[in-house]
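In order of appearance the chains are A, B, C, D, E and F, and numbering begins at 1 in each one.
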């Protein structure tokens, strides 16, 4: 606790490392708690909808 | 915002498209907000338990 | 199953009723499953951040 | 980790105590991990929809 | 309802079976409700951060 | 998208402001995406269990 869930598209392992390091530092300072869990959820673009359209379709039309 | 998370079994891309289009329309009307994110979570039947039994075992017994 | 979690600002009970009725119908048709759970999460504007700013601060500046 | 989120109606503090004690024990044995976080979410019946109907309306009709 | 989401590392199907059976029993007794959904989320160790470090890096250093 | 859910104990509005500002900046840099939603969930200590014990009971014993 705290536990942070990050819902986004897939990212590289280096970005995951950076995310976990930086976010944990900030959360730890704000809450004054050391034990922090971050779960990175990688969602394929065909499973994300923005304003009624799948991300995969939005990309296609660009 | 709003953000909608749909936890279900796997579905086809056409159904995802239909889901995102229809749900976004309704949510947008109800909340009066245009920016809507939908995340479709596809859970394998061996990861879902209903009333103490994995979905994969329930199917097998039918 | 499926279970739908809707994260948004507070809404009236009539809108909740409408949301649950309409979303359940669509989800039921798409998944071909009858048992549907919807959980409406009402988040106070001071607990929602969009693009680095709390919703409560964005409103104030308008 | 593991982190368990329990979405249900409101319950008494004694039931919360029992829930956390018993669920942690089982999860700890299954995963072989000692650090377990459980978050109990108490949802008002007007925020839960089952099969297209708010829980508060279903109760009323009984 | 209730719906339980378990966020952890990958586990075997036998452990999933055990988890769903045992957790459902306890939740059913505590809430006095029979219809229980459990969703097991299996997160790869490179997607979990504990105290600023990816689980995959913690393992490596051991 | 991305959407970040922060599950923790209650915090002050100033801390929420700081959290949303700092986390959004980092997430935006890592994902290269500008539209970021953060939802801060404030859980009462009697709803959080760590290692089989409610947070409210752990505090009491200190």
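Criterion: contacts are C-beta pairs under 8 Å (C-beta built on N, C-alpha and C of every residue); 3 or more make two chains touch, one makes a residue touch a chain.
This structure is a prediction, so every number in the text was calculated from the model and none was measured.
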Item to check | Labels of chains that are neighbours to subunit A and to subunit E | outcome: B, D
Item to check | subunit D and subunit A - chains in contact with each | outcome: E, F
Item to check | Higher-contact pair (C-beta pairs counted), C-D versus B-C | outcome: B-C
Checklist entry - What whole-Å value do you get for the distance between subunit C and subunit F if each is reduced to the mean of its CA atoms? => result 19
Checklist entry - How many angstrom between the C-alpha centroids of subunit E and subunit D? => result 14
Checklist entry - How many Å are there between the centre of subunit B and the centre of subunit F, using C-alpha atoms for each centre? => result 25
Item to check | Sequence positions of subunit E contacting 2 or more other chains | outcome: 1, 3, 5, 7, 19, 23, 35, 37, 39, 48, 50
Checklist entry - How would one label the connectivity among the chains shown: line, ring, star, complete, or other? => result other
Checklist outcome for this item: Chain pairs satisfying touch are A-B, A-D, A-E, A-F, B-C, B-E, B-F, C-D, C-E, C-F, D-E, D-F
Checklist outcome for this item: Listed in rising order, subunit C residues that touch subunit D in their complex are 5, 13, 16-17, 19-21, 23-25, 28, 34-42
Checklist outcome for this item: Residue set of subunit B touching subunit F in the complex reads 1, 3, 35, 37, 39
Checklist entry - Which positions of subunit A touch subunit B when the two form their complex? => result 7, 43, 46-54, 56-57
Next on the checklist: List the residues on subunit D that touch subunit E in their complex, please.
Outcome noted: 1-9, 11, 15, 18-19, 22-23, 26-27, 30-31, 33, 48, 50, 55
